[in-house]
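Just below sit the structures, each encoded as structure tokens.
Two complexes, one shared chain (subunit A), two partners (subunit B, subunit C).
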Partner chain A sequence: MILKIALKELKEIVREGRFRITAITLFALLLAALFVSKSYYTSVNAQHSEAKKNARSEWVEQGQKNPHSAAHYGTYAFKPKYPLSLIDNGVDKYTGVSIYLEAHKRNEAQYAAAQDQTALSRFGDLTPDFVLIFIVPLFIILIGFNAFTRERESGTLRLLKSQGVSTWKLTMGKWLGIFLPVLLIAIPVYVLAALFLANIKDYGQFSLWALTLLFGVYLIYYAVFINITLFVSSLFKKSNLAFVTLLGIWMVSCLAMPKISTAIADKLYPYPTQVEFEEQIAADKKKGLDGHNPWNTEAKKLEEETLKKYGVDSVQQLPFNWDGFLMQEGEKHTADIYFKHYQLLKDTYVNQTNVYRSTAALSPFLPTRFLSMAICRTDYTSHWDFANAAENYRIELVGKMNGDMAANSKYGDWDYLADDKLWSSVPDFQYEPTSYTTVIRQNTSNLITLLAWLLLSFAALYGAVTQMKTI
Partner chain B sequence: MLEAKQLSKTYHGKQALKPTSFTVNKGDIFCLLGANGAGKTTTINLFLNFIQPSGGQALIDGKDVVKEPLETKKLLTYIPENLMLYPNLTGLENLEYFSGLANKKYPKEEFLRFLTEAGLQGDAHDKRISTYSKGMRQKVGIALALAKDAQVLLLDEPTSGLDPKASNEFSELLTKLSKKGVATLMATHDLFRAKETGTHIGMMREGSLVEQLTTDQINHTDLEKLYLKHMN
Partner chain C sequence: MLKHTIKYEWLNLLRDRWVMILLILFLGITVFAVRNGKEKVEDRMATITKEKEKMGKLDRRMAAEIDSLNNNLKPAPEPWQDPRALDNIGWDAPRVVAMDAQPLAVVSTGQSDLFTHYAKPKIYGEAYTLGFSELSNPVQLLFGSFDLAFVCIYLLPLLVLGFSYNVLSSEKESGVLRLTLAQPISLYQWLFGKLLLRFFILTVIVVASILFSLTIFGIEWMGNMGAAMKLILLVTVYIFFWFLISFLINLLGNSSGSNAVTLIAVWVVFVLLIPSIISQTANSFYPVPSRTIMIHEYREAKALAEKKADEILKTYYREHPEYAPKDTTQQNQYSWWLGNFAASDVINQSVQPVLDDYNEALNRQQNWVNRLRFLSPAILLQDGLNDLAGTSPTHYTDFRNQVIAFANTWRHYFIPRMFNNEKMRAEDFGCLPTHSYSSAQVPSHYLADLMGLLFFLTLAIGGSLWVYRKNRFENVFSV
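== the complex of A and B ==
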């Protein structure tokens, strides 16, 4: 019976011009977005592996030099482009794609795509996530706003009720009648995305499971919107009122709430500006050990301690190159400072995220958006994770350079040169993204919020339709 | 088959229907006459459980419509003054859909037979309702009753606005159904049809059933006189 009702709803929807036009437009938009995204992804990926290869060969083939100079020469860590960013590009556009790794300094990721774009791109790109998260709910509203009001206005509701159909079954039929066309649009997109991704060369990164999870999240989100749409439609007597109300709900949850929660998060837990952040780090660095300045107070202290420990009275008598050792100690110290300040930054980030999570209760858009970015690995957490891995690699690389210098050269001997044997003994930067188990654990609250939206909106719909008056 | 027991309805302190009792047996066509606002539609809506009674009971086949809203609806077909169907679906599709809601399944030929039996021309069956006249839609209503094998018909001024021929056809269909044992409760303004088609007549005024009689007790002229007497 439910299926019969759904099929009739579908038949009616399809015979109406409104649906055909919007469905075709929506489908065309999605296809276009997918193709644009795919070509962008392929070109970025090609550039990425090219650049990665170049950076590595530049490092290995840098010629003979002092290991510490090599650490200054540095190399690059490139952020991998994840296959699912094809669907949701998240904050990738703003986060930068490569980090310059050098001695003494932790650098920010640079060359964000947004830097290369015109002001017009501020208005948003045509990406699948834009269509899937912003536009599809609008489509749901468009085909469902008059699901009940139309029956009421035209008088068919009385006839329906006089046939002895239970309101809940009727509602479920109407529900399916909206869900099926949405599925009809989502499934081809899912299949196409899976095909695209399966045909991309670095297939290893892509998991069909993650794509399925992503679409699962979207479908739950759509179900919430269908519930809200039917709920509103069952409350109103007039279609136009239901429509305006639903548009209002869409605007608040998809446009206003994200901005409002960003504003709240920024107000409560503001990030330091770039200048402030750098000044704080510089201040801390000044107080501490300077690897390049042996007359620095901290350096003097370390010298005394080390001499005492080895029972010698000059740095020349130490079994290793004091310069290398001192620089590595300085490096450890600056790494600690960076760690501390980035940790502070991360605390702010975590606090902001918590604000978003609590405001997610006010809009189903927010948990969906966060889950989508997390699954596509294009959220800030993924970026943080990459930046941290790059920093660890930098510490390791610089440590190895200083260590080699300390072990293989004499104090004051700046002529010591290492060659590509040492350079290539440093493993290439390999970044393994966080496992999906961790990603899901990090996003449990978003999942719970979204599921709560699903259950509560179903409950509200049930309550509204069973109380619905026929006349 | 249909029974009102001290049935009443009050809207915002105003009694739309004062406690009223009557019975409609199998094969009876009970015509409710009265001016607009006399309580005819209220009575029908109470039997449909579209509104809650303020007092008394509406029973269909001995079952209280409030307590068993879905069970009692299985027995009835409701045709309002202007039967509204889905304009984008054909007559046949509407019939199939609404019968399906009442859990009635038939092969397509059977549905077509119901439409024909209800007097709808064959070439209209596959046309969309948006092209139908009011009379044609009312006939789909009768086909719905046939398909549902309804034992009760609740009609709210079903022939108002129909041309005399269509109105006559509709009445003939009612008579046919009544011979099958269908109990009909019909609100109408048409004294002539009430006398011709009906078996019983109830006159309503300001929420009360002021007169009940059988149509064989009275002729056209006296019926009209009686009606006017009550209305003035």
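== the complex of A and C ==
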């Protein structure tokens, strides 16, 4: 029975011009988005590997230098682009792509694409996620808003009732009637995306499982919207009102809520400005060891302690170069300061994230958006993870430089030069993204919220249709 | 007769609950949006003020220290902490170059959440490394802010459509249309009158809400009547465009439901699809040149210049004898800095082509995108509002150039004094170069945006006339 109703609904929907036009448009948009994203992804990836190669050769071929000068010269860490970013580009446009790694200083990722683009880019890009998360729900509303109101307006609802069809079966039939066309559009996109991704050279990072999970999340999201659409349609007598109400719901959950949550998060847990942040760090640095300034009180204290430890009375008599040692101690100290301040920043970010997680109760769009970005590894958490890995690499690199200087040169000998043997002994920066188990664990709350939306909207729909009046 | 029907319509609307709901709803949204904008602008101005105060305090402290050092009240500090040394002033006491908010900055966040609004260029350093990016949660940037621009660009059209989608169809569906058209009036004029009335009511609500919100948050719009009028004009034209679209769709004579669907489709196309398609295709077909590649080229050019520095420097000294180290009996205390400036000039000259090439490629891309804004009224409105708020990308590029120019002024204030081996005096703090921001030289897009919107108006009117001529009354009566 359910299937029969679903087929009837499907036939009716497909026969309507409105459906055909929108479905074809939607499909064309998705295809275009997929192709355009793919070409973008390929070109960005090519740039990335070229930049990575350049940075490495710059580092290795920097010529003879004092190791500490080499640490100042530094190198770059580049953020890899993951295959799934071609479905959802997430916040990638707004985070920097490269981090300059140098002695004494932790730098922020630089060169976010959005900064070089015009204000137009703030409207959003035609990427698959834009169509899948924004437009498909509109499509669902468009084909489903009059599912019940139409029957009511033409009086067929009473007829159906007299035939003895249970309203729940009727509802399930209508539900499937909307879900099937959506599935019909989503499946080819899924298959195509899988084909694209499988043909990308660095296949290593891509897993079909993640793509399937991603589409699973989208399908749950669509189910929520179908529930809401049918729920509203069963409440109203007139199609017009049902449509306007649904549109309002779409607007609030997809357009307004993200922005309202942002305003709340920003109000409750504001980020420091770049300069404030830098000044707090500078203030802390001033108090502590300064690797370049042997007159600093902290440095003086360390000198006394070290001399005592080695039982000598001047730094010249130490078995290593005091300058190199002091600079490494200073480096450790600044690294701790950066760690502390970045931890504070991270606390703010976690608090902001929690605001979004609680407002997700008011909009199914939010948990879907966050899950989608997380699975595609284009969310802010992935960026943090990358930045932390780069920082660890920086500490290691600078430590190796200072260590070499301490071990192989004498105090006051700034003419000591190391060469490419030392440079190439530093391993290239390799970044392994967090495992999917961790990603899922980090997003449990989003997953639960989305599932709660699914269950509650089903329950609401059930409640509404079983009490539905036929007139 | 037309007068009567319009008057009847007016009375009808006044008694409609909808108008009241609309007024309250819109007022609430606008107040919230302006509050958000105001908060951002206040933060921005507070940081700038704080920074300037800090600078003033430092100046006074340094001046006092110079006085006490000159009067031998204090032992001389380490050379790199001596405030009498010009290089220390140039490095440790930079001026604050700030981009003050425009009076109407609350209207549109624009690009202001991406960039910092002040910089402190120092005596030494490469201009391109000056950081302008603001620290922020990228999720916030992705979602964007709930500002007046968002309300006008996205929500206003939906209000217009909700207010007018069934102007004709509801009359038809209730059967009143036949009665009305039995009167000696033209359908076109009558419908236009009805919509004009609604347009008038909505515009009054919108303008009143905007002005009210600006007033309660203490934004000086009366003192900036010109800008305020420009804002109202732009928004009014945008509202009118959407009413005309509704008029056009109503004239097609379909049912209310079908009108609503069509109008939403038009909204999706203009507000969501066209902007995102342009933005995405611009990225693919006219990609922003890669910064990472540019940095590599920059570093290579720099390394090359450094390797050849001695050789190049000799030529350079021949061309700029004023920089050349002079063999005088009195050692210049700034000789290291002067040599450094000369070397960095040489390096900067040799890497300039890399930067120029990059900026040119960037400009080409941005110009192309700028031209495509005429494809959607939503982009035109966004551009116009950013222009009025002083938060457009052009404003930020201009500010960056002003900072770079000031960095040069700052350095060249010190260079001649360093050559004379002068010292900083306490009274010099009053005559250090300062910068005052002005956006006067930013070319305004406003007029072009307004023209673009008017062009869309004309298109909509032309379209409605054509539809009306084409299917006259046929569809209207086929109930």
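The rule we apply is simple: the second predicted complex is superposed on the first by the 471 of 471 C-alpha atoms of A that agree within 3 Å, B and C clash if a C-alpha of one lies under 4 Å from a C-alpha of the other, contacts with A are read in each partner's own complex, and residues count from 1 in each chain.
One rule holds for everything that comes next: contacts are C-beta pairs under 8 Å (C-beta built on N, C-alpha and C of every residue); 3 or more make two chains touch, one makes a residue touch a chain.
A quick note: this is a predicted structure, and the numbers were derived from the prediction, not measured.
Judged by the touch definition given at the top, the superposed model places A:Lys340 against neither subunit B nor subunit C.
Set against each other, subunit B and subunit C touch different numbers of residues in subunit A, with C touching more. By the document's definition of touching, of the two partners only subunit B reaches A:Ile5; subunit C does not. When the shared chain is aligned, subunit C comes close enough to touch A:Ser261, but subunit B does not. Look at A:Phe78: by the touch rule set out above, it reaches subunit C but stays clear of subunit B. By the touch criterion defined above, A:Gly96 lies against subunit C but remains apart from subunit B after alignment on the C-alpha atoms of chain A. Contact with subunit C, but none with subunit B, is seen for A:Asn240 once the two complexes are overlaid on the shared chain. Comparing the two interfaces of subunit A, the one with subunit B and the one with subunit C have no residue in common. Subunit C meets subunit A in the complex at residues 32, 36, 39, 43, 47, 51, 78, 110-111, 114-116, 118, 131-146, 150, 154-155, 158, 162, 166, 256-258, 260-261, 264-265, 268, 272-273, 275-284, 287-288, 290-293, 295-296, 299-300, 303, 362, 366, 369-370, 372-373, 378-379, 382-383, 386, 392-393. Subunit A contributes residues 1, 4-5, 8, 11-12, 15-16, 154-156, 158-166, 170, 469-471 to its touches with subunit B in the complex. The touching residues of subunit B, when paired with subunit A in their complex, are 45, 48, 50-51, 69-74, 76-78, 80, 82-89, 93, 97-98, 100-103, 148, 154.
Every residue of subunit A that touches subunit C in the complex is listed here, in rising order: 18, 22, 29, 32-33, 36-37, 39-40, 43, 47-48, 50-51, 54-55, 58, 62, 76, 78, 90-91, 93-98, 108, 110-127, 130, 134-135, 138, 142, 146, 239-240, 243-244, 247, 251, 255-256, 258-263, 265-267, 270-277, 295, 345, 349, 352-353, 356, 379-380, 383.
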